[in-house]
Structure formats: C-alpha cells, structure tokens
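Below is a structure I'd like to ask you about.
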Amino acid sequence: MANFPLLTAILLTPICGILVLFFLPREANKMMKMIAAVTMAVALGLTVYAYWAYDVALAGMQFTEDIPWVADLGVHYALGVDGISLPLLLLTMLVGFSTVFVSWNVNERPKEFFIQLLVLVVGAAGTFVTQDLLIFLLFYELWVIPTYIMTVVWGSDKRVTKEYAGMKLTIYLLIGSAFLLAGVVALYLNAYPAGLRTFSMEALAQAHALGNLSEHVQIVVFFLLLIGFGSTLSMWPLYSWAPDGYAAAPTGVSMLHAGVLKKVGGYGLIRVGLLVLPLGAKFWAPFIALVAVVNILYAAFITLVQKDLKYLVGYSSISHMGYVLIGFAALNVISIDGAVANMFAHGVMCALFFALIGQVYDKTQTRHIPDLGGLAHQMPRVATGLMIAGMSSLGLPGLVGFIPEFTIFVGAFKEYPFYTLLAISGIVFTALYILRVLANVLFGPRREEFDACRDVSGVELIPLVVLGTVLVVFGVFPQLLMGMVNSGVEPLMPLLNQLHAAPTLLGGVFQ
Amino acid sequence: MIGLAHFLTVAAMVFAIGLYGLLTKRTVVGILMSIELMLNAVNINLIAFSRFITPDVLTGQVFVIFTIAVAAAEVAIGLAMVFRVYRDRNTVHAARLNEMRW
Amino acid sequence: MFSQYALHHAWLIPLLPVIAFIIVGLFLRRIPVLSAAVSVCMSLLSFVLALGVGYGVIDQLITVDNPLIQRMPWLVIPGLTIDMGVYIDPLSAVMLIVVTLVSLMVQIYSIGYMRGDAGFGRFFAYLSLFSATMLGLVIAVNFVQLYVFWELVGLCSYLLIGYYFHKVSAREAAKKAFITTRIGDFGLLIGIVLLQILFGTLDFQHLGVSVPAYVAQQGTGLLTVVALLIFLGPIGKSGQFPLHVWLPDAMEGPTPVSALIHAATMVVAGVYLVARAFFLFSVLPNAMEVIAWIGAFTACFAASIAFTQRDIKRILAYSTISQLGYMMLALGVGSVTASMFHLTTHAFFKALMFLAAGAVLHGLPDKNDIFAMGGLRHKMPVTFAAMTIGVLAISGIPPFAGFFSKDEILLAASQVSMPLYVIAVLTSFMTAFYMTRLLVVVFCGPEKPDNHPHEAPVSMRIPLVVLGILAIIGGYIPYAYHFGDWVRFGPALHMGLNWTIAGTSTVLSVAAMALAWFIYGSGKATSDKLARRFSALYNLSYHKYYIDELYLWLNHTFVDGFGKLLYWIEIYVIEGIVNGLAHLSLQLGDWLRRKQTGNMQRYGYIMFGAALLIVAGLLLLNPLFKGVLCGGGY
Amino acid sequence: MNEWAYTAAFFIFAAVTVASAVGVVTKNDLVHSSLLLALCFVGVSGLYVLLQADFLAAVQLLVYNGAIAIVFVLGTMLTRRSIRHGTNHSEADAPSRLIGLISGLFVAVTLGVIATTPWNYSSAGAVQDTPAVLGRLILTDYMIAMEVAAVLLLAAMIGAIVLAKGVDEE
C-alpha cells in the first residue's frame, strides 16, 4: 500500500469517468449522472483517505510520485501534497462531488455537460497536486475552454448576456495566464543556468537560497505572477469577470469557479509566489495588503446594493478574497495559516451558497431579490442551508469561517495594524448584506406564488448535507483543518523570518 | 582558410536572393523557385554546422535529407496548384490571387 | 460525591442542551410533546448539575482567586493557542445557576405559552441551543471561547427574535439585533486581537497575571484603548447607549424568549464579560470611568423613554436597558459584587415580569397597548400577584430582592462619585414611577368590555410562582449568606446596608409609586394633560429621542449611498475600462482587417522586415536583455 | 586536400551558386530562370562536396537537378505555351528597392550574428562512409521521422495528382 500512487489514482478516477461518459449513448441520461456521481464519490473517498492518512507530525510532501516527462526541459510528472495543498484538494473534491448532484436536473446535452464538469474537476485537482510548474500551468489551462462552453451553452442571461459573460471570463483568465506564462518562463530561465533547468517547484524553491535569483528578477517575476494569480483570485481591480461570470454560468460551474478556481490563485501565490520568490513577495506585500483592504470594503459596499442573488454572492466572494490576500501579505505563519484555511472555508461556503441559489432559481424561476420572500414557509430545508451558508459567510464561530478569519486578523495585525482594522470592519458590512438577503429572501409573509415550490428532497439534498456538514464539523473542530494547514505552513517559518529585513515597495510607505 | 563563416555567408546571400525573388516575382512559378533557393541556403547551413560543430554525428545531414524530401513534396504540390489555378483563372499572376484579403 | 462529580463534569452543563438541540432539531421537530420533554429534561439535568457546581464551589472553597479550571486544546498553531475549557469560580457558578434556572423556568412556561404553535419543536430546539451557548459563554476560560459563544448566543437571539418570521417586523427586528450587536462585536474582536498580540495569550488566568505587570511597566495608554474596544462588545450586547436600539425591537420574539434572552440572561452577558475581564478594566481608571458614565447615562436615558411607551413589552425592555445600565454603573465604580448581585436579582424579577406580561398577552391575544388592557386583576390573580412582586422588587422596596442589590449599587456609586450617585437615585425614582404606571394601567381600573381575559394554564403559572418566590427572597438570602465574600474582585468586602442610602432610595421609590398611582390610578386622566402640557418632551421620549430614525437615515444615506456610488463606479469606471479595452482591440482589429490587401508578397516583406528589425534591435540591445531574451544566455 | 585548391574550389562553387541565384531572380524568362536554378543546385552540391557530405551532394544532384529543376521547366512550358519572353517579370508595383534593402539588411544582420557568436568548433574529423552511417541513423534513431516523411511524400504525390487532374465539381 505504501507505494500505491494515490494522487494519480485521484486524478485518474474522474478521467476514467470522462472516458466512460464519452462512449455512452446520448440517451443514457440517468446513467451518465450515475457514472459522474460514482466517479466523484470514489475520488472524494480517495481524497478523504489521503487527508486521513497524511502524517501531520511528519509534514512535508507526502504521497509523492516522480516520473521524468520531458527530461531535456526538466519537466517531471511529479505529484505530492502537503498541508497547504491537501485541504484545497479536499475542497475540490467536495465541491466537485456536490456539483454533480446540483446538476442533476441538467437534461440538455447531459453528456457534454458532465464530461466538461469532470474536466474542470481534474483541472483543479491537478493544479493542487502537481509539483511541477509546467504541469501546473497545463492543468490550469484545462479550465478555460470548458468554462466558456458551459457558460454559453448552459448558462443564463442576467445583467449581461451569457455570451458576453463567458467571453469576458475566458479572456480575463487567458490574459491572466499569459502573464503567468511570461512569469514562469522568466523564472525558469533565471533560476538555474542552462543544463540544470527544471520546472520542479521544489528545485525552484531552492534557487533563492542558492542566490540564483536576484532581487530584481524576483520583483519583476512576482509582479507578473501577481497579475496572473490575482486575476484568478479576483484581486481588485482584476475581478470584473467574477460577478458576471458567476451570474451567467450554470450553478455547477459557478460553484466550481467560486469555490475552487479562485483558490488556485491564492494557492499559486503561496506555492510559487512566496516559496520561490520570497523577496518579490516581500517587496509587493504592502501593495497587496492595500489592495486587499480595497477588495474587502469596496466589494462589501457593492454587495450591499445588489439585487441578484448570484451577483450578491459573486461580489461577496470578492470581498472574502480580500481576507486571503491580507493574510498572505502579512507574511507570517499565523496569517498564512489563516489565509489557506480561509480559502478552504470560503470555498465550501461559497459552493453551498451557489448550490442553494441554484435550487431557489430552479423552483421559483427568479434570482431577483425583491421578487423573492418568505421562502422559509415553503422551503425550510433551503432556508436552513442558506442560514448556515450565510452565517459562515459572516464569520459566525462554530462554523468554518470564523477561525480562519480570526487567525488572519491576529497574524495581519502585527504587520498592518491600520489595514487590519479596516479589514475587521468588513465583518460588520458582511453581516449587513448577508442578513439583509436572508431576511428578504427567506423571511417575511408567505407568498402565494411560491406555494407550488416544493422543498429540496432526495438527490438534491446530498450537496447541501455534505457541504453543510463540512461547514459545521470543521467549524466545531477547527484543529482538523488548522493542524493540517499549519503542518504545511510552519516549515516556512525560517524563510519568513529571513524576510523581516528585506526591502518593500516604497520602503513600506503603504503601511 | 575556409571556415564555417564562409559557408554561412554564402548561405546568407543565397537566402537573401531567394527572399528578394519571393517578394518581387510576379508569377507563382517564380516564387516557388525562390523558395527553393531559400531552402537550399538552409541546407547549406545545416551541413556546414554539421561539419564544423558536430562532425562526428551526422544529425545535420539527416536533417537535410528530410528537408529535401519536404522540398520535393512542396514543389510537387505547389506546381500542381499552379496548374490548377492556371486552368481555372488562366493566370499565375500572384497579385491577382487576392481572394484571402479581409 | 455529587458536587465533586458536578465540578469535574461541568462541561456537561452546556453539553446536555446541545444534545437536546441536536435530538430535537434533527428528529423531533414534528413531535411537540417529545421535543418539549427532551428539552425540559436536559435543562433540568443542567440545572441540577449547576446546583451541584454551586454547592461544590462553596464546599471545596473555590474562590475567585482559586478557580477550578479545565482546559482542552481547541486550536494550536505556532504563536496562537486557543483552549476550550471550563472555568469555575463563584462568579461563573452564580451565572450557571441563574441561567439554568431561568432557562428551565422559561422552558416549562413555554409548554403552555407555545401550545399549538406550528413551530413548537423548532422553538424548543432554539431554546436548547440558546441555553447551551449561554452556558458555554459562562464557563469560558479565554476570550476566544467567550467570543465564540458570545456570537452564538447572538445567533440564537436572532433566530428567536425572528421566530415569527412571517411578520415583517419580527424579521427586521432580528436583523437589527444581529447587526447592532455586530457593530459592538467588531470592537470586541479588535480588542481580543490586540490582547493576543500584546500578551500572546487570551487565557483569563494568564492575562490576570500579565496585565497588572504590563501596566506597571508600560503604563495604561494602549491598554485603555484595548479595554474600551472590548467594552464595545458589552455596549452592543447589553444594550448600552448608543447601541441599545435593538433591544426594544427584540420584543418581537415570543414572550418567553424576551424573558429568557432579552431580560435575564443573554443581555447580561456584557456585564458578565466586564466582570470576568475585571482584571483588565480595574487597572485602567479611565476605562472604568467611561464604563460608569455610559452605564449611568443608559440607566437614566432608558428610564426616561420607558415613561411614555405604551407597549407592555417595550416598557419592560426599556426597563431592562435601564437596569443593565445600573449593572454597568456598578462595574464602572468598581463593584463586581454589586453588579453580579443585581444581575442575579434582576434575572429573577425581570424574568418574572416578562412571564407575567406573557401571561397577560396570552390572556389577551393581539393586544400590546397597556391602555387597551386594564382591570385584569380580577380575572388573572396569579399574574397580577406576580407582576406586583416584580414591580416591588424592581422599585427597590424592602424586603424584595431588588432592594438589596440596588442598595449595593447606590452604595458603591456614592463612594466613588456624587454625580453618578445622584443619577442612580434619580433613575431609581423613575423606575419606580414607570413600573407602577404599568402595573396600575394594566391591572387596576375598570375592565374593558371587549376584553375577555383568562388566567394562564398551570404550566405557565408554576414558573410564575417559583420566580415570584425567588424575587421575594432572592435578595435577602444571598445578602444574609455573604454573597460578597464569594462573588467579588480583589479582597472581600463585607456588605452592609447603609441605612441613609437605603432609606433615601426607599422613600423616593414609595413617593414615585404614589405619584404614579395618583396620575394613572386615581381615575382622573391627568396623564393626558401632562402629556399635552409637556408635548415636546413627551414626543421626544415617546419617539425614543429619534435615535432609530437617525440610525436608519445614516444607514440609508451613507452606507447604502456609498454602496450605490461604488456600484456606479464599478459599472461605469471599472467595467468601462474593461469594456473599453475590449472595444479598442475590436476597433484595432477592424482597422487592421482593412489593411489586408490579400497580396501575399506584401505580407511577406512586412513580416520579414519586422522580424529583421526585431532581431537587429535585440542584437544592438543585447546587453540590456542578456539572460532574459536572445537565447536565454546560451 | 591541398589548402589552396580547397580555397579555390570553394570560391568557384560559391561564385557559381550566388551568381546563378542572382540570375534566377533577375531573368525575365522562366525557362532561363529554371536552367539557372539547375546551375545553382549544381553549385550547392559542389559546396556539399567541400563539406565532405558526398552522399548529400549526390542526392542534391539527383533530386534537385534531376527532379525539381525538370519539373519547373515542365511547369513553365505547360503554363506559357507561346511567348517565352517576359514570363518571369518582377511585379511592377512591388517596392523592389525596399525589398532589396530588406534582403541586404538580412545579410547584414546574419553577418553580424555570425561574427558575434562564439562558435564551438570541434576538431574531430569528418565521418567517412557517410551513406552507411546515414542509412543506419535513418532506420534507427530517426525511424519515425522517416516514416512520417514517407507518408508526407505519398500524400503530396496523391495531392498533386488530384490537384492537377481536377475533381469533378458536380
């Protein structure tokens, strides 16, 4: 069992599902959904096993695999997970598993839909498990095309048409990944002299210690990566794809995008940005912190005036990503612990939110908040789910959102007291918009027009139960998550300690 | 002493001449001829490199063999297209074959 | 020994209601009888355990200086360790008993009050969850545990205020409660974060050691700021001015909830927090002064609003705010004992009054206005008796419970500051006045012909009787058994009645009651005349000084206005730039498209020329790009 | 080989190659151009000989002269039946000076690159018996490439036939 290629198996399971789906006849509608569900269940099971079997005390990369792929370029099919990537892998599988059930009612071209859904899952899972930068980029690019097709074919028009939203999303991500590619190539060429070059993240992370990467190079390359990952993470002002995209995309894609893909940006910033280019990260940190605060407050205020449920969650997720950014920018173990954990927390919460909005839209045929109201009468289960998701969003203790935010605040306050103060004020505005939407959608007088809407039941209930349980369990026992995350972040402590004296943008005027 | 630089210079000149022909000739056949010149210039380069940089392995020469094969294929197709175009339009005047604009 | 067992298994006290919540919430929502039975049983067990803890504290000589603490790591990362645990000292023991007792009473009461309600099971699930979180708050060993449960009781309060969620007013009140307290929690959270950064720990016991040392070394400057930020939390939770606005609206919830959460237990969490963190506040004289003044002002201010309110529950709500101000005042003048004593007695008599009010509302459905009631004493004798006891207790008439605790507060205030004492006495006068007004208007006078009141069922009367007895004896017995020796901060101070102060306040209270009787009870409509005479003051008080309107206006104008402004920027500036760029590239493409002549040779030389220029440029600029371009250093 | 003779041979072949290449693009008659192209190929094969690539020199003569040049002549004759003169004019409105400049610039840039590049000369002797070695290489290391090239040639042949013959477009 020791040498069983667990991570490859996790990646291969959905791929097998894709192959099977590919050869199924078009009419086998139910069958396809069953197969997608079964493959995702197996993948989720394997991931949970990995999470359980990961040795937190030992830390470091585990379940590693390494097969040379393009030896001349230094590309390896290298897999491995540590405390940073494993929670995010778990997140991917949880959300991916849920999306299958959320999409249970897709009856228009189900074959293509589920194949692409599984492709998205593979792409996200691949970015988290790979230890090779080039393969990372390959998996990352796997997202772009299915997202576009799914948005345009299965999406819905809102403030903007779905074609516009899909195109915007795709082009934004492509431009971001162009910057990313430029940064990665520059990194590749500069990290090692000819002949020794490699895309291995581990080896690249050594380059700084060996003195191969000058401060100048690190600053430039980090900036390129920041734009690339920042647009994925919906960093201000590179986020305008997010609300439109989420609103237009089908529920499953919104869940995966908001829940998982955004986290690839944050993961990349830490795994590539911080580990490989510590001086660059330090240089830009004050700037990131400033942007983070803008993210939090600006998006929170905009969320306050949204009228569409999906736009609301879209802007709110931008606001939440600000917490991740400021946690990253503070560059200490506590804050980065919080940032990584917050990515997990937000992913689950956001996915649950979108799943429920999908259900509400399914039943009532509207997402316009003023048209809704009193749904708790007809749909108590949806109401419970929305309560849990909303409460997690506003950082209620006992749900998974609180501890990550708290750790971020504790970590970030040391570095940026003023910014953190502003960031904490975000919790008030979050409460304001979350409670407003809960009140307006769920409570109030019973409305006759929704009497025909039945509550979620059967298969539709699975994602709600799974995600809701995760929110509660990880909230009540935060060490399950934080212990894992910390085992990945704590080894960075020597690196982070070195950075104290490193120069920052404008000598830290922004602080 | 004749060295690598000499051969490369000759190749560069042939290539430049081919380029000039490629860009100025009126007929497609003339353009194809210019392309052949350029291909030959490249072949000279390959063999010269093979001779002076890595004389003990014949990679460059193998490369040239494939170039020649491709060139032959290209001429065959190119001329066939010329015949075809000539039969359809009664001209081989390159400037008039501008359907691809916009 | 049972008390031994209770002391070491005190974590069961909050856990039992959690179990009740899970069982009822998941399985028994549709079965009213079982859900009530499970909840009440678990509450009873909790109460018994809490009594055991109380006995154990006395038996084992556990004092505030020698607490019994159990900890279990909850979150461990380098530089931030947070435990969950049980902190048992007389302070928390008193709270445990009060909370479990009132919670048990309210649950029994609810069986009758909520009978036939569609959400009966849900209601009991929420009540159990509330008990659990409140008890968790009481036994908190550190600030984070306290904050966790602090927020969770806020959630329960939100859920229960919005219990009748089909009512728009209930929904809005719930929202308002949550958001207003959140504003306070914002300060509390910052304060906690700052404490963690300053001291590296949030544990009460450890902080209790390091805070005085810090003050001795570094002075009080920053720590005062921290303390005031933390105090923002209690301001929100305990309805202190200026964040008191949510508490009257919270009366939209079912009356048992108002009794349990918004009178007896949750709202005093702020007082408990300050008492628990008294090691911090007591060394910061400036912070203490702020607390005292906010408390005194709130007490007086809320009483002045209660004068003119007509809704029976709102009057009680303002009186709660006022009494909470009293407790804060006591803390501000440095007397944890007085504050906690008043907290205890207040829990008894205020819960009693709320439950009595609930009985009235139960007897007269859909009538909230006290002037629509009247003459109920004949039809509802038990309720009348209960309310009378409550009014006497809150007015500070000996030997009712409120007398002893109020006297403690007045005594403590008089020792520190005369103005505070005067305000406190004035408030005491006002309290006696408006409470008597309530009693007289509701129960005395002629019966209204279209009212058909009936006495409450047995399950509602039992709690009234129990709490009534406690409101009578709940002051004297602790007084006689040296409450102050146990619940205190610093050295024990023996309580003694100061007859001057006690006498003054008693006389004033009696005078106020007489005045109220004269105005409202003597049958002459002098109250209307007074209202007309002082119409400006009356309106100001009746409209709660227009503070709600001000907040609403601020919220609409600034918060939403700012949101709209930013959304405008978002749509027209940021989106504009994005779409503008897209449009630009489209235009560029269109322009370039027209440059396509279809002439291959032209394409050819342009391409070649450009490529050559680039290569030539790179050749000339090679030193600049060395290593990045041009072969990457080959 | 004698140094002097080698140098002389290089310059002769180079001169033949370049001069006939110039002829190819300047002559106005396609047939002349085709013949000069053949001559140019001969010069190139001479250069191959000097580079000790005798097998390739032979291939050059066979394929280029024997096949390609002949095809060009054939093509010329098939497309221009009567008048031969003026069949290979330069485009009238082509900016030939600019293009000349570009070509000149190309030579200049290439010379610059050649001059500035630090070449890694090897002193090893050339491989003798190149046909055998090449054969072995093609059938071992470059097996797949050869197969692909074979398929390409086949495809080109079929394509050429189809194109030249024309398809019934009914």
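Going in written order, the chains are labelled A, B, C and D, and every chain counts its residues from 1.
Rule of thumb we're sticking to: a residue touches a chain if its C-beta (ideal position, glycine included) is under 8 Å from a C-beta of that chain, and two chains touch if they have at least 3 such contacts.
Just so you know, these numbers come straight off a predicted model, no measurement behind them.
J.: State the remaining connectivity among chains, in groups separated by ' | ', when chain C is set aside.
T.: A | B, D
J.: Of the chains shown, whose Cα centre falls closest to the middle of all protein Cα atoms?
T.: Checking distances from each chain centre to the full centroid gives A.
J.: Please work out the Cα centroid separation of chain B and chain C, and write it as a whole number of Å.
T.: The computed centroid separation for chain B versus chain C comes out at 86 Å.
J.: What's the distance between the Cα centroids of chain C and chain D, rounded to whole Å?
T.: Measuring from centre to centre gives 91 Å for this pair.
J.: Can you work out the whole-Å distance between the CA centroids of chain B and chain D?
T.: 6
J.: Using CA atom averages as chain centres, what separation in Å is found between chain A and chain D?
T.: 57
J.: Could you list which residues of chain C touch at least two other chains?
T.: 601, 605, 608
J.: What residues in chain B touch two or more of the other chains?
T.: Those would be 19, 23-24, 94-95.
J.: For chain D, which residues are shared contacts with two or more other chains?
T.: 91, 94, 99, 102, 106
J.: I'd like to see which chains touch which, written out pair by pair.
T.: After working through each pair, the chains in contact turn out to be A-C, B-C, B-D, C-D.
J.: Within their complex, state which residues of chain C touch chain D.
T.: 601, 605, 608-609, 612, 615-616, 619
J.: Flag every residue of chain D that touches chain B in the complex, lowest number first.
T.: Its residues touching chain B are 3, 6-7, 10, 14, 17-18, 21-22, 24-25, 30, 33-34, 37, 40-41, 44, 47-48, 50-53, 55-56, 59-60, 63-64, 67-68, 71-72, 75-76, 78-79, 87-94, 96, 99-100, 102-104, 106-107, 110-111, 114-115, 119-122, 124-127, 130, 133-134, 137-138, 142, 145-146, 149, 152-153, 155-157, 159-161, 163-164, 166.
J.: Touching chain C in the complex: which residues of chain B?
T.: 19, 22-24, 31, 94-95, 97-102
J.: In the complex of these two chains, what residues of chain C are touching chain B?
T.: 593-594, 596-601, 604-605, 608
J.: Contact residues on chain A for chain C in the complex?
T.: 168, 171, 186, 189-190, 193-194, 237, 240, 298, 301-306, 332-334, 337, 374, 376-377, 391, 394, 396-398, 402-403, 406-407, 409-410, 413-414, 420-421, 424-425, 427-429, 431-432, 435-436, 438-439, 442-446, 478-479, 482-483, 486, 490, 493
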